[in-house]
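Chains: A, B, C and D, in written order; residue numbering restarts at 1 for each.
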Amino acid sequence: MLEVRGLSKHFGGVRAVDGIDFSIRPGEVFGLIGPNGSGKSTTVNLVCGLYQPTAGEILFEGKDIAPVPTHRRLSLGLARTFQNIRLFANLTVWENLWMAENAPSHRAETRFLKRWIGGRSDARERITKALEFSGLAHRADDLAGSLAFGEQRRLELARALAAKPRLLLLDEPAAGMNAEEIAQLDERIRALQQQGYTILLIEHHMELVMAVTDRVCVLNFGRKIAEGTPAEVQADPAVREAYLGTAQ
Amino acid sequence: MDFYYSLAQIIGFHTLLGLSAYIVLQTGQVSLAQAGFFAIGAYVAGMLTVLAGWHLVPAMLVAGLGAALMACLVGFPALRVRGLMLVIATLAFGEAVRLFFFNFDYQIAKGEVKIGPLGGEGFRQIRWFPENGWTSLEVMLFVWTVVALVAGALWWNDRSRFGAVLRAVGEDEVAAQSVGINLTAVKVTAMTIGGFIAGLGGAIYAHYTTHIEHLNFNVLLATFAIAYPILGGLRSVFGTIVAAIFVQGFLVEGLRFLGDWRNLLFGALIVLAMNLRPHGLIDAATARRLARLFSREQWRGEQRRA
Amino acid sequence: MRKTALLLGSAFVALAGLAVTGPAGAQERSVVIKGFGAKSGVVRSFGVNSEAAMRAAAELINSQGGVKLGDGATGKIEVEFLDDRCTAEEGISVVRRIASGPTLVAIGPTCSNVAEPLFGVLQKKAGDASDSGLQFPIFTDVAIKGGLAKISEWAFRNVPSEAEMYTSLFSWVKQTKPDLKTIFAGVEENFAHSRATWYAVMKEAAPKAGLEVKGEAKWLLEDTNFAQQVREIKAAAPDILAIAAHPFTTCGVLKEMRRQGVKVKMLIGLTSSSSLETLQGCAREAEGIVIPTSFAPVNQAAEAAAAQAAKFNGSLDLHSAATYENMFILKKLMEEQGVLAKPDTVQADREKIRKGLAALKETGGLLGTSKRTDDREAVKPYLYVHAKDGKWVVLHNPVTN
Amino acid sequence: MGFVDYVQAIIDGLLFGTTYSLIGIGFTLVFGVMQKINMSYAAGSLAGAYCGLVGPQLMGLPPWSVFPLSIAASGVIGYLIYLTCFRFIPLASPLATLMSTVGMLLLLDEIIVHSTAGMPQNYPAIYDGDPIEIGDFMLRADLVGVFLVCVVAMAVLLALLYRTRLGMATRAVAQQPVAAQLCGMRLQAVNGLTFVIAGLLGGVAGAMIGASVGMLSPLIAGPITVKGLIVTVIGGLGSIPGAIVAGLMVGAAENLFQALRNVTERDIYVMLLLFVFLVVRPGGLFSGRGHD
């Protein structure tokens, strides 16, 4: 579904991402892990189009998406969440979801004016459902900035899902969560997989990654050092070294 | 009464100026080019009614469109800069427009006198209102009809999806892109609409003062354009209207009895207002209270409960 | 909440200020004349001086028995001066405010860029029912740019005719100093008055007097660097340099000329610069500059008037002297026209004043009699002053000599 | 107009440009520390210069006393601006500070107008002798002096920022406000002090502008503000070397445009050049990437 070939991104002299390859198959949960500064977030930003790659290509369903501008990537079926939550803090919860209602999947069905001014007629219904799914229905009219941290994470996920993406990029969704919330997240990711979403999970939290992913790719200093099932990766000496340091 | 009608006209075109900046500010862009668009509206409308003998209404529309076109053209390059850089870039553009009119001579002979813009000496005798026998009351009603139409459209826009999109862009451009919002389209559209509104305001201004010159459209006016929505709290069109009334009605006219002290207080009161109400006269809390009064949120709430 | 209360409170106070002041009910009727002009911003001194002149004249008139009204009653002149910040929209607003009250006539504004729009708001032809412009007489004292009263039949001016003054000045120069042959100018390009005075007045008048115009150097009102312009002056090497600019840039250029060691045989200045500002800013460099003006304390009447204005903390110059004269002209005119100054005769009184002003052929003035033209302008007596030892001194009086 | 004239125009512009540089540095300094713009900065600098005139005009001090007095007064005004326009307005409301400083700009200008009735005031030159002539070219001796004073002021500023504990604190707050607070630096104190330093520098600028024009007028506050802002952004927000170079550039460019075209069109080209420059190099002179 998503194929990354020889992807590199250099900032000045720093090689944040340096020639990595991986590919994600439809329907799987693919983990991208690595220590701090290993290039995970840069990779996500490259896939989303926030950065232009220095070299390499990103194929989505067989098409090179390098020339596609950021905002059009959602139309292709790529939606994401952010490591540091990026909600529209001064818009209401409802409006945050409304934003994602311009997704391509809906585009053909609605006339231009209606789409921009009122949104789709059944949008209201879908947003209501999405809010219920995330357990945020009672806060629909509150400003997103006023939500608790966990609620904000859920809202961000709901916003990404509102666009009906085929590939969902989750950038460290467990950051800042407690054990209980992580358990909930675990369940939610599995539920999403069952609904047919393909997921690229960038995560720091090992237990979560090992529990929900089908395959994992490990980065270190911008290079791929291992790829395989969670179990295979865990056994890999290079990975152990990257995570635990050479001293041990 | 004549005086109050006249004051209402002043507040009217200042409100339009403020609203033109309001919609641009919603996308997070602080534009100091609004005085330039206002100037374009003023000169174009004045030339159409005085030199071409048009009726004011079509002249205003053309003036608005002219200003909108210019705003659209500025919108594209201005997209590349943000924050303070954008403030200065738009300031530079607005000043360039003003200086263009400083160097702009286009006079034709009408009878024994020459009429039309004459560079630094300005453009005299834009007397469409009195020549057509409009009373102050009629002019005021006309001005406020335009203001009501524009404010109404923007108020409605605030409730529409596009309005929310504008604010989303203002909140977080990266997140907006990631939910599929085309920043270029949104920002340029906001700029263009803002240009159109400023053009309308400028057209009214020219016909109010009957004489315009480039110095009227200076940086101070551009600062006022953004001051109204900022003082108003950026949450609703009412804030901008309230701020225009506050500045033009209270600070400028209301305090006139203070004589010498008035202009000293003018700056001091702006400083004080921003200290007391940094989020504007009508801030988020007030705006939401207002919005609840007559928004469709209630209706939406009922929908959900059903 | 307290903050809101504070804001509301001050808003309330201001609303009180919005109210147009009503006529004062007194046995002795009051004749309301209001002045308006810039009392804030860079040209504040115009407003300050005009107000002082106005109050000085009113006090004098009232102490001498006031105005005799049409029905034999006595009217006391009541004066107020409003600040228009030298902006068009405020000027219009102020006049509409004045016109909404019992005021019979207004004196102002101080700035040409307010006068132009303001006169445009007035009815163009008096009595023209199809023109809904404001019907209110304005007698301008300061705004000096030529020919503005043409805009409306309700606009009158008692400002000197610059065309007349410079024509006279140049021919006097030609007569008394025949060795001066060339003239070059420095023009403040973005100030309408300065610009108009050079291009429409001096540049026309100089060749008629036989002077050769060698061009002009240009700068802007707010410029701070005049090196290039002074170099242009140096290159032109004129006998006479005419500076059509306000005091700030006039001084800037004169200082730069001194630094660059550029000297001309004669300096001629803009009428508006024959004020204290120029001396305050650059007395040393301005030494010798010749300016035609319609006022200097050269006779008893003028000296007395200047002393009277000084009591009200203002100085009498060519602008504020006109204010002073206007008050007396208006007093005489109101008596002649039988103005009643009753609350229900306000509009009729205004029309009487307008007619009276339009019919005037001559008026008295501090320096002698002024003629009135058909397009509501004045031709005032004038004299030439020059800066000498930090003071304006009369150089020549074309009327008496 | 020949080649010599153009070169001479550029020389004049460069010399005068140092005052623009100083104002630009002041803007940039405050921006660097608080990420906010102080629109009243140039007006405050001029107000300081006006205050300096109190010495010779009212207290009978010798003419040279205006310079130290101007600088000190401007420092005080800088701190007052901090108190009234920054201290009590939440950091998260940049637009509120923008407006409050605009209000302050109007207030300062009007205070000047009221205390002088708008009359231009004579300001002493730092050197009153003949210009220096080198071949066909001419340098204004006093402007060379102004240039040197500005250079010294910049050097002192740089030394203060990079060689003292105070400067270190300022830079630390500029880069990492939270971390700096954790290290025991008092944010308010450092911010306030930055305003004082910027104010003192503005005092030098104001005094030098007064000295080079030979006069002060409330008219110049507006144009100097605009020029200062232009210099700040061309130099790149927060960049002191950028502001220095940009000030000289703007001074030279405007004189050159004036020589090439006309004074009435001069500023159109300055503005358009700035507009194009910002669009092409949004990060300023010395930055590779755009500033966010």
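One rule holds for everything that comes next: contacts are C-beta pairs under 8 Å (C-beta built on N, C-alpha and C of every residue); 3 or more make two chains touch, one makes a residue touch a chain.
The shown structure was predicted, so the numbers you read here are calculated from the model rather than taken from an experiment.
Think of each touching pair as a link: the shortest run of links from subunit A to subunit D has 2 of them.
Ranking all chains by how far their C-alpha centres lie from the centre of subunit D, first place goes to A. With centres computed from Cα atoms alone, the innermost chain of the structure is B.
Averaged C-alpha coordinates put the centre of subunit B at 31 Å from the centre of subunit D. In terms of their C-alpha centroids, the spacing between subunit C and subunit D amounts to 36 Å.
Measuring from the averaged C-alpha position of subunit A to that of subunit B gives a distance of 41 Å.
Touching two or more other chains at once is no residue of subunit A. In subunit D, the residues that touch at least two other chains are 110, 113-114, 222, 264, 267. Within subunit B, the positions touching two or more other chains are listed as 102, 120, 260, 263-264, 273. Every pair of chains in contact is given here: A-B, B-C, B-D, C-D. Against subunit C, in their complex, subunit D makes its touches with residues 5, 8-9, 12-13, 16, 110, 113-114, 117-122, 130-131, 138, 140, 142, 209, 212-215, 217-220, 222-224, 255, 258-259, 262-264, 267.
The touching residues of subunit B, when paired with subunit A in their complex, are 160-162, 164-165, 167-168, 171-172, 174-183, 284, 297, 300-301, 303-304. Taken together, the subunit A residues at the contact with subunit B in this complex read 48-50, 69-72, 74-75, 79-80, 82, 86-91, 94-96, 98-104, 115-119, 124, 128, 137, 140-141, 143, 159-160, 163.
Across the interface of their complex, subunit C is touched by residues 1-4, 6-7, 10, 102, 120-122, 124-127, 129-136, 205, 208-216, 246, 249-260, 262-264, 273, 276-277, 281 of subunit B. Per the touch definition, subunit C reaches subunit D in the complex via residues 40-45, 48, 189-190, 218-225, 227-229, 231, 247-248, 251-252, 255, 259-261, 276-277, 280-283.
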